[in-house]
Structure formats: structure tokens, C-alpha cells
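To keep things simple, chains are lettered A, B, C, D, E and F as they appear, and every chain counts its residues starting from 1.
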Amino acid sequence: MTKDRYQKGLDKLMELTTPDSENPTGHMDIGEGFKDIAPDLSKYVVEFAFGDIYARPGLDNKQKVLTTISALVAQGTPQIGMHVKTGLTVGLTPEEIVGCIMHLIPYTGFPRALNALKAAQEVFEEQGITITLPED
Amino acid sequence: MTKDRYQKGLDKLMELTTPDSENPTGHMDIGEGFKDIAPDLSKYVVEFAFGDIYARPGLDNKQKVLTTISALVAQGTPQIGMHVKTGLTVGLTPEEIVGCIMHLIPYTGFPRALNALKAAQEVFEEQGITITLPED
Amino acid sequence: MTKDRYQKGLDKLMELTTPDSENPTGHMDIGEGFKDIAPDLSKYVVEFAFGDIYARPGLDNKQKVLTTISALVAQGTPQIGMHVKTGLTVGLTPEEIVGCIMHLIPYTGFPRALNALKAAQEVFEEQGITITLPED
Amino acid sequence: MTKDRYQKGLDKLMELTTPDSENPTGHMDIGEGFKDIAPDLSKYVVEFAFGDIYARPGLDNKQKVLTTISALVAQGTPQIGMHVKTGLTVGLTPEEIVGCIMHLIPYTGFPRALNALKAAQEVFEEQGITITLPED
Amino acid sequence: MTKDRYQKGLDKLMELTTPDSENPTGHMDIGEGFKDIAPDLSKYVVEFAFGDIYARPGLDNKQKVLTTISALVAQGTPQIGMHVKTGLTVGLTPEEIVGCIMHLIPYTGFPRALNALKAAQEVFEEQGITITLPED
Amino acid sequence: MTKDRYQKGLDKLMELTTPDSENPTGHMDIGEGFKDIAPDLSKYVVEFAFGDIYARPGLDNKQKVLTTISALVAQGTPQIGMHVKTGLTVGLTPEEIVGCIMHLIPYTGFPRALNALKAAQEVFEEQGITITLPED
């Protein structure tokens, strides 16, 4: 049965990423790099973060990624780039992602927002994405 | 001209709140309580936070409030209740607001989420809102 | 099977608290107060926070509570008092709890430590605990 | 000799506060309220925070209080009011204190600044202070 | 008229930096690197952060930079070096800058202060600055 | 006498590190790299952080390092690796160190825990440590 919950998490994960032959979870880091010291970590990521929480009804995927990015901007944690990629995968436009970060300036201040824009810009460049500029 | 920017901010503000005869900015606190010590504060709130940032294209109002609430949950700042009210005003369902807070558990931990749920719950009770429970 | 994981979490929880007829989970708040808006919350608390994480081998209960309190001191979140109670339940002495908070001064600064000492002091007073003062 | 360092801290402390017969350290909380659980705390506050650090050359008292308040605004810790009182004691004008908090808006966001303004306003009201408004 | 506010911000900015032929805003990053994804960002930086807030009466430039650095030390954000440069430009001595960071140890803890000292040290080395050591 | 306090700090420090001919304080950074700009810093680290606080009765060394690591995980400060080394020196097992970080997931969220696991993993690899995996 735990299997089912793990499977539910993996299914959700697959909505959020584009796996290829080398990366079975695509751009998503589920903690497999810690198998040697915390082999149970990726189980919690898949079962709890994806199977329980990400699969929870209430918000759609685009809203969930916006929510995630916003919290990471406020925290100043370095995982923003990965979630920008997730946002693009679920259909957030680059304009929405930038709009989210810009919107946070009055709440988190410029420094946190600048750090987040840098992370987003790097992902856009990597993926050859150009943005349609908002008209002022 | 600054007038126009202030007006643009006020117009945006009016989309986000329901003013009444006693509260011309509805539930929104634009810093008028600090007129005695920082009389320019409410100008910055209206012009910058609302006129520049909240009125910026890129995200719709519902996305903007979700983004705001998410950052405040991560910061642990006490203004969450006010933004929950804004969310309800722009059409976020209580399910979406709760969904946003619940979604943040893996990113900010349980304590910050519990504090935010308390703030949301108080607003819902005040407004007589009952929530349609997500089916598990 | 999920039942088993829930049961595992409840069993762990019972090691950390002293239930009485009115409070089946003792002093521990597992989020039951949010049943009206987030009925799945207490399931995550019990299954994930207690069944998966708190029941994880690697640290004993006393170490786990010290670890928890330390993180909350650094965050400045208001749940410290509850975890001080948990610490006393699992056998941490008041000296150890105070020692933990005092130890954090060089890492988190005095303000966060003072707030935490206040929370601990309130629990000690409530439980009629007096502390054996460390000799300088 | 430790006596000397303690005395050096007390002397510094007296520059920052106005003691009266009931409060030998004036408005300054040096942790005496925790004598029952952490009797060594006030020694560290006096010796380290005041004797070592506050007495350190490099900044004058007004700069030191501005520096302190700024950090607390960014942290969102609740001790701001006490340091606003210290600022007034060492000769910071209310305009400077408010100017400091307002200056932080682009760095910490509005919510943290609003919380700090509230704390400052309460001190000003308590002390019957009115502020000369900056001309825009 | 917005032009005027932009110009006011630029004028303020010029007090804080030393432009040269290659860097029209000197060491100050006003977000021009994000022109491709958030072309309105530098306008907000110049108009709001510099034109509204930095140009606000109440504090002099030296106080404003101390205030800024203090908040960034508390946040742990990586922009400290840039503001150390600004401090030197407006006439803060290296002793004052180091004094500010050292003063924060009791409020933010050693780790944040050590990170900030590293950033300051790098700027001093880059500019060939040696510091007059405070006598203890 | 200050000498004694400094010596007390050094003695404590020696319990926490393994000095060699090139590194008289072993892996522990006591701020000697800032001698040119803040020559009094290492005195505060040794006297206050080690002589006063680390030498304080109440917790044993293993508890103190767990407490330290937990606070740094919550803060997201980059000094975690150094304290992981200290933990290994005082006898914490790698399982306990990983157990501490894993335990914090429900309190600080996954991102902070992942960053800390990375820092621990690097230290383990550097020291050729393999971990006995907890059985699930």
C-alpha cells in the first residue's frame, strides 16, 4: 500500500517534469544523490512532498509552482532554478514567473527578488526562452 | 503626474478590497495609522506597492494574492490575515487559500504553515465562511 | 496499510506526551483544531512528522527534541513552549533545555534566545519546576 | 578582573539608559528576569554584549543603536521597542529612528517595516514625543 | 513628471557611487542585467529605492548605508559587498563598516557576522584599504 | 585574568578539534583570517563563544554540536560543514548527524535540509566515512 502512495507521488512528479533516458525524474531532484547517507530521503520526497502534498486537491499545478517559488524567494534558498523549470513544464509562462518574482519586491525587498531573477534568467537562457516584455 | 501614479495605485487597490463608508480602503491597511510619524508611508504603499507592482502585467490578481500569501507564510510575518481577506475579495476560494498554505509545508515546515492556517481560519470564521473539504 | 503508518505515528506520539481523558494527545497539537478547513492536516502530522520522521532511527527522543527546539529558536517561531513540554516528557532536564537555548546565543544572537527562554520559563512555572543552577 | 569587564559593561549600559530608583538598568532588559533558570545570562549580556561589543571603538552610540534597530527590523524580532528607547536616550531624533525604518523598506519589504513602525510609534506615544514631519 | 522622479533617483545614485566611462552607475547594480526579462526593474530601483527612499530626509547618507548593511547582515543576503563599496564612497571609514558588522554579533550571531566580514574584507583588499585597528 | 578566560576557551576548543602542526585550532575557524580588519574578533570567539558558552555546564559536547547544527540548518547559514566536523570529533556518529538533519525536515522544510545534507556529505566523503544505513 505504501507502494501506492509512492506510485501516486511518482505519477504526480511525472506531471511536473520531462524525464529522458538519462534522467528518469527529469530536472527534478528527489534526493537520490543522498542514497549513501539518507536512503530514505527520496521516499519522503516522493511520498510526502509529491504523493501527499503536491497531489492534494485545492490548487492546480501552475498555482502550486507559483506558491513554491514565492516561498523560496522569501526564504532566499538556492533551489529556485529547479522550480522555475517545473513552472515552465506545467505551463507557467516566463512572464508569469517573472511577474511572480517582481510582485514580491514590496514583501521581501529587492535583494531577495534580484537573486531570484538571476536564477530564473539562467534557466531561461539555458532553454533559449525569450520573454515578451510587459508594456508599462 | 505623480497624481496619476497615485490614482493608478488607488484604482488597483479598489479591485482588491471592498470599501465602505467608514473604511475608504476597506480591509486594506495602507499605513494611514502612521500619518503622525511617517506621513509619506501611505504614498509609497499606494504608488509603489499598488501603482507600480500590483498593477504590473504578468499575473492576474488571484495569482498575485497567492504569491503574496506564500511569501508571508515563509517569512512568518503577521500580516497574513489581511491578505487572506484580499484573496477572498479577488475571488480566491477558501479551498485555494488553504491549499496554498498546505502546499507550503514541505518548503517552510509545519510551524509556519500552522501559524498561517490559524490566521486564515480566523478570517473565515469572521466572514462566516465554511470550506468544502478536499476529498482525500 | 496507511493505517499502519498512522498507527506508527500515534505510537511515537504517545512516547512524547502524556495523554489524559480530555486530551488524547496530551500537550501535543497535531492540528486537530483545523479539521474544519484542512481535515487532512493531522494525518500528515501523525503519519509524516511522527510516523516517518520522529520514528526514524538515528537519534534518540531526547536528541530529537533538542534538535527541534534549536531549530525553532533559530526560526523565532512561537511553538517553542510545546516542544519544551515534549522535552520534559521524554526526560530532558530543565537544565538541558535551558542549556540548549543558552548555547545558541553565539549562533542566533541574544534576542532569539531571550524569546525562547521566556517560553521555557513559562512552561517551568506552569509545571512547578525549579532548576538546579549551573555553577559558574 | 572579570569584575572590571562587568563594570565596563555596566558603565556602557549607563550611557544607554536612564536608571531610576526602581529600575537600576532603566528601560534596558539585561535578562534579570531569567535569574531563576539562567542566572549567568545577565553576566553575558553585561560583559559580552555591553562590555565587549557595545564598548568597542569604531562606531558612536547613535550609530550603534541605528545598526541594532536595523538588524532587528530585518529579523522581525520583537525587541525593537526597547532599542527605540535606547536610541532616544543616546540622542537619536525620532526622525532618525523613523528614517532608519523607512529606509529599510526596499531591503526588507513593507511588512517588516510596518511592524517596526508600530513598535516605534508606541514608544513615541508613551513618551509624549511628536515628530517633525519630513517635507516631501 | 515620472522623468523627474527618475532623475531624482539618478541624482541620489550619483552621490553614492563613482561612475566611470564603462560603468555609468559605478559599482551600483540597478538591475540593468535583467533588461531582457524585467525591463521595468531598473525603473523601480531608481525611482523607488533611490528617488523615494534613499532621497528621503531623516538620515544622512552614511547613516543610510550603515542601516542597509545592518539589515543585509541580519538577512544573510549576498549583496553586502556592493553596499560596503557604497559606504566607502559616502565617507564611512573602514573602521565604521567593520564596527557595524562587529556590533551585530550579539543580535545576529557569529555566523552571519563572519560572512559579512568576509564580504567587507574582499572589498577592502580590492581597493587596497588597510584598517586602523581599534585599540582594545 | 582575561587570560584565564581565554585559556578556558582554548581548552574547550581543543576538546572540539584535532590540531596539527599547521592548524593550531584544527578545522575550527576562530576568525583569525580577519586579524587585519577585526583583530579582536578571535578573542570574542574564544572567550565568549567557547570560554563562556561552549564551556557552560548543562549539555555535553555531543548535545552542543547537535544544537548548533540544528540552528544553522534552520538559518541556512553556510558554516554547517565545520560543525559537522566538530560533531565527528566529539563522537557524534555520522548516523546521528544525518539523523539530526533529517529530523528537521518537518520544521524547516526540505530545501534547508537538502542543503545541510550536501554539506554533511562533503565532509563524510573528505574523511572517507561511510554510513550505516538506518533500516526502515
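Here, a contact is a pair of C-beta atoms (placed from the backbone, for glycine too) under 8 Å apart; a residue touches a chain by one contact, two chains touch by 3 or more.
All values reported here derive from a predicted model rather than from experimental measurement.
Hopping across touching chains, the smallest step count from chain C to chain F is 1. In terms of the distance between Cα centroids, chain A is separated most widely from D. Taken over every residue number at the interface, the positions common to chain E and chain F amount to under half, indicating a different-residue contact. Across the assembly, the mean Cα position most removed from that of chain B is the one of F. Between chain D and chain E, the centres computed from C-alpha atoms are 23 Å apart. Spacing of chain B relative to chain D, judged by their CA centroids, is 32 angstrom. Counting only residues that touch two or more partner chains, chain B has 40, 44, 48-49, 53, 56, 72, 75-76, 98, 102, 105-111, 134.
Touching chain C in their complex are the following residues of chain B: 76, 94, 98, 101-102, 105, 109-112, 114-115, 117, 120-121, 124, 130-131, 133-134, 136. Contact residues of chain D toward chain A in the complex are 105-111. Partner chain E is touched in their complex by these residues of chain F: 29, 31, 33-34, 36-41, 43-45, 49, 72, 75-79.
Partner chain B is touched in their complex by these residues of chain E: 1-2, 4-5, 40, 44, 48, 52-53, 56. Interface residues of chain C facing chain F in the complex, by the touch rule stated above, are 48-49, 53-54, 56-59, 63-64, 66-68, 70-75, 95-96, 98-100, 102-108, 134-135.
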